[in-house]
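Per-chain numbering from 1; labels A, B, C and D assigned in written order.
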Amino acid sequence: MEFGFTEDQLAFRDAVRDLLAKECPPSVVRAAWTNADGRSGGATSGGGAWHALGAMGVLGALVPESAGGLGLSELDVVLLAEETGRAALPEPFVEHVFVGAPLAVDDHPGVVTGDVTVTAGDPLIPWAVSADVVVRLDPDPVIALGTDAKFDAVSSVDGARRLARLVDATESRPLTREELSGAFWRGNLGYAAQLLGLSRQMLDLTVGYTVDRKQFGAAIGSFQAIKHQLANVRVGIEFAAPLVYRAAHSLAADAPDAAVHVSMAKAQTADVAKLAARAALQCHGAIGYSYEYDLHLWMKRAWALAGAWGDAAWHRERVARAILDVK
Amino acid sequence: MDLTWSPAEQEFRADVAGWLQANVPSEPLPSGDTAAGFALHLEWERKLFDARWAVVSWPEEYGGRSASLWEWLIFEEEYYRAGAPQRVTQNGIFLLAPTIFEFGTPEQQDRYLPTMASGEESWCQGWSEPDAGSDLAGIRSTATRDDAAGGWRLNGQKTWTTRGAFCTHLFGLFRTDPSAERHRGLTYFLVPLDTVGVTVRGFGRLDGDEGFAEVFFEDALVTDDLVLGGIDQGWSVAMATTGSERGLTLRSPGRFMATAERLVALYRERGPDAVDGSLRGRVAQAYIDSEAYRLQTLQTVTRVTGGDPPGVESSLTKVFWSELDVSLHEIALDLLGFEAELESPWMKGFEFALSGPIYAGTNEIQRNVIAERVLGLPRK
Amino acid sequence: MEFGFTEDQLAFRDAVRDLLAKECPPSVVRAAWTNADGRSGGATSGGGAWHALGAMGVLGALVPESAGGLGLSELDVVLLAEETGRAALPEPFVEHVFVGAPLAVDDHPGVVTGDVTVTAGDPLIPWAVSADVVVRLDPDPVIALGTDAKFDAVSSVDGARRLARLVDATESRPLTREELSGAFWRGNLGYAAQLLGLSRQMLDLTVGYTVDRKQFGAAIGSFQAIKHQLANVRVGIEFAAPLVYRAAHSLAADAPDAAVHVSMAKAQTADVAKLAARAALQCHGAIGYSYEYDLHLWMKRAWALAGAWGDAAWHRERVARAILDVK
Amino acid sequence: MDLTWSPAEQEFRADVAGWLQANVPSEPLPSGDTAAGFALHLEWERKLFDARWAVVSWPEEYGGRSASLWEWLIFEEEYYRAGAPQRVTQNGIFLLAPTIFEFGTPEQQDRYLPTMASGEESWCQGWSEPDAGSDLAGIRSTATRDDAAGGWRLNGQKTWTTRGAFCTHLFGLFRTDPSAERHRGLTYFLVPLDTVGVTVRGFGRLDGDEGFAEVFFEDALVTDDLVLGGIDQGWSVAMATTGSERGLTLRSPGRFMATAERLVALYRERGPDAVDGSLRGRVAQAYIDSEAYRLQTLQTVTRVTGGDPPGVESSLTKVFWSELDVSLHEIALDLLGFEAELESPWMKGFEFALSGPIYAGTNEIQRNVIAERVLGLPRK
């Protein structure tokens, strides 16, 4: 029995964290709200962070070595997704690395480097227009492999997450049942990890602010009303993280309960991210409510991912079916 | 106890509802917290004013109908039920006007009230400063006597000024006695925003609208007739205003009843197919809470009409309505499931609702007030 | 429009409050846990408080004047029930005054003075064994008018509330549909009012304790963590009370929505009483957890009444049916 | 990451489960917090000890099996799963024993550990005093040097002493340096409760059991060999103990997993007919939380086994398990509906669960610790 990550896994996480600190500071997230494609590279499609991740091999991490990838498992990349959440990376990271690249690599070897970008949706597809390959889980699970896909764009509360519905694509193939299932649970694991990272960052940001901000002659972080809200967020994070890591292990090990474990992780992280967002905003007060302050960039990503691919209640119902209904 | 409306009140309601039905724009106006939307909202305000619906509780001479608190409640119920536009003049009408009625000179009342009611002049609130948010007593902006110029020189900065970038005037507190501490030595000023030395910079809110402004003062001269109440009396004058903000006049039950009705409609559409078995009970609870808020208001109005002024209990009300508003929208978003993240009135309303527990005294401050002034727990 | 009570109604409440302060101090509530019948009179059946209430006419308040009662309405007695909750009166007050006396008075005129005690249950009947007449709402709504009723006693968490199920009674008559409905909603109104009174008392007790109790060199009531818990209880009470009073008015006025209004009141007061109990215990700490301290007497009554005759969720579902289901 | 148990661990689990299946009383014992029940529980403790299951993680010489933390977790899982009796000796075994292992002399270890493990001597905790509850540094009970008698004279009062009326010994803090303030000048004593000058008065708990005691000291003489750790070193010695109380050893995941399983069984029986649509999701959430608690413990044990001592993070654990325990029971009572008020293991368990957020440092104190020592917020 050992519940922890290997030195290699932690080193990989640290490398990605360092990369994101350099390539994806908050200014990049903010810029993505108003640039052409909502991604990290400014006006051009595919950003600086994206290509740097590609150069590191991360974008093909789950692609078999035989196809040019790193041949890693969900357990090896779960911490990377958490880091991209912490950075609020405006890229289809989960959609590409966890979902799309393994499905598309046979047709598009460029997914390994990120020269070809894959995205995925169920049914709302983020960064669909700027992607090269699109996976749609619902309705009619399909992978659109060519350039003829047509979209209806819709607006998300998260300005970077350029959403669309896939309307039509002739150069496409249906997903097999197995591909669909794998894609769905891997994607949910990735979102759970990102929600965890988003929660950590919202908490850190708020701790930093409340230590500095003075009112009534004291740092507001010294008041119990602030302390206890943030302590509750910290408790929530503490008891969400192991569910995420266990789910990654279960998927990697192809455990029979893997899907239920992912649902547990997604339900818990969706709830804690919403709690973190609410507490962070309340403890910030008016400054958190202003567009110029960064908090809302994280908060809105959290809101979006908490509902995507099944919200907390949906995933809890999956758990309920597994544990409550007599088979 | 009598929970029926009198024939006169029923007639008043019919008048309001009839006029609104005939006049409320069929398409919602763009947000009043944008420059373009604000202008369109002012047109609507003018229309309200011309029909004498802008300030129903004010005396006739200033454009009102001398409506009772009961009639005001009825007006608000019908206003929200009709889905009529947001009142972009509300900071003036609901926060400043009561103060002018109480502390203003006759000249000030005649000068400012009619133009406020018509929307010809629009008012924003200059309370908060970068270092004075929850702790308003920490205000640092100053007003220094300039006898030569015959007035006061304003210096400093206000911020989080709602719709400040679109308004013509600001009301706020400035420190006239620099040696006084905290709540003392502040004075309440009325400031035209086109005064030389005043600079307004709009900035965005959470929901993307440019609803906030910073206002900078550099030796801006305001004359003596722009002082509201006495010199160094600003805190008590302002408290009367914040009393209004937190009290009866701002958050009418009609707003939450209308939201609850929309939530019920959404549930009827989406709820029966929802996976989440808790939604039905949560919708019912939110509806019960909006009823509770309405009934508690009836109780308060009965008391106030009987001569008992609203007191610190308004902190109870603030905590309740602000959390109810968040809850109503959260439930709606949960009903929307994965579509919750899409642009919609519910998401926009949710973002707005999140400001409720923050502004006009955070709910943390309100809970302190409840504990100390309602329950009698020790300050420290 | 007027939402308030008349001078007469308030004076009646004050008189009952004074009576209970004298006849039902906490020592009487505590004694009822261990005496023979669980009531306010010590070893004898029917206590001091009971007879005093009878002498004041309260016990026949809803009985028509033609039958010797006061001929009052639910609106006139709702505040009295609230006071009996505040005092945790160990008597079948709601069961007798709101439910049973009007049903039994034709056969037993003594209900007006309390010489005959009526109780009621759905299906668990409090103080059944010591009562003279028993109303059972479920199963088979029936009123047992004679002395031959047989019971199965069961134990409540509230030691004063001697519970039993009615097993058999030959001297009885079935309730009409109208009697049943009236009894059920009037009883729930009474419980809602008692829950409100219980909540007020638990809050008052806790405010008193936290003002006195010092730890870390200060009254614990000066800490935000205590203040905010108790402020939340106070808010809850503020927005439960008007629902109770409106429900009383609706029943008195025979309003078409009266039953829904009672359900709103019961749901809200059950929730706030549980909140008050939890906060009161937590703010007291260990002393609240001791049997010798009075808090638990109120807390357990609150738990019992919160679940009796439909818990908060049950009553919310009644509201849901009325407002959500398209008729 | 490896989430499988080794063959040796599986064998250990089978041994535990087999023994428990053969030996756990088929009828639950009466509450161990009553005099009669306590005696029956001690018989059970003796049976555990004789089979070397009483203190599995202790060295063999004191009756244990030198079990690893993993094996201890397995033991606890099986113990709760089997519905085996409450451990009435737990305050000694889990709170005092770690302190004796760390600070006791060899003589103290030999004298007290074996009799503690067998239940021959039973220990209660003398921490709280009437004016020192959450604020343990406010302890006023004194120990005064009496050279003539060759020891210390204890005076003062302890209270909220769990099972104090049934135990033979007490461990607790007394002030040896009256001039020292707060945490200084306290000494940790081991006190036989039959010492002359010690009076124990049992009193009732919320659930009616006589589980608490007050202990009065009047010039009670304790000899030097009853000092644990150094004179005036009591606070740091005690903190090691409270570290254990709040940490890994007391609240094993097995307890909450077993409760969650019982809740699932109750839901299967009652849930499908329940009117309350939220119950299904709440049961699932409580199950998820008990899983989260188990997994977080695995994470911690991995870290501790790797040489990293458990730290202030134990405050996170305390808040979580105590609220989870309340929640598990609240959901069960909601499933029971109007029958919730009847005597039942769920109501009894609920009453007990309510003590969780209070004892061993209230959750308010724990949240302060989390904010200050985990998050780094300023003390004041």
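In this section, contacts are C-beta pairs under 8 Å (C-beta built on N, C-alpha and C of every residue); 3 or more make two chains touch, one makes a residue touch a chain.
Just so it is clear, the model here is predicted, and its values are computed rather than measured.
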| item | value |
| --- | --- |
| Farthest chain (mean CA position) relative to chain B | D |
| Chain pair with more C-beta contacts, A-B versus A-D | A-D |
| Between chain C and chain A, distance of the C-alpha-averaged centres to the nearest whole Å | 52 |
| Centroid spacing, where centroids are CA-atom means, of chain C and chain D in whole angstrom | 38 |
| In chain B, residues with contacts to at least two other chains | 276, 278-281, 364, 367-368 |
| Shared interface positions of chain A, touching two or more other chains | 223-226, 228, 313, 317 |
| Residues of chain A that touch chain B when the two form their complex | 122-124, 154-159, 161, 163, 214-216, 220, 223, 225-226, 278, 281-282, 285-292, 296, 303-304, 307-311, 313-314, 317 |
| Residue ranges of chain B in contact with chain A within the complex | 128, 131-135, 138, 159-160, 203-206, 208, 212, 274-276, 278-279, 333-334, 336-343, 347, 351, 354-355, 357-359, 362-364, 367-368 |
| Chain C - residues contacting chain A, complex | 223-225, 228 |
| Residue ranges of chain B in contact with chain C within the complex | 1-6, 9, 70, 264, 267-268, 271, 280-281, 283-285, 287-289, 291-293, 295-296, 298-299, 301-303, 306, 313, 316-317, 319-320, 364, 366-368, 370-372, 374-380 |
| In the complex, chain D residues that touch chain B | 276-282 |
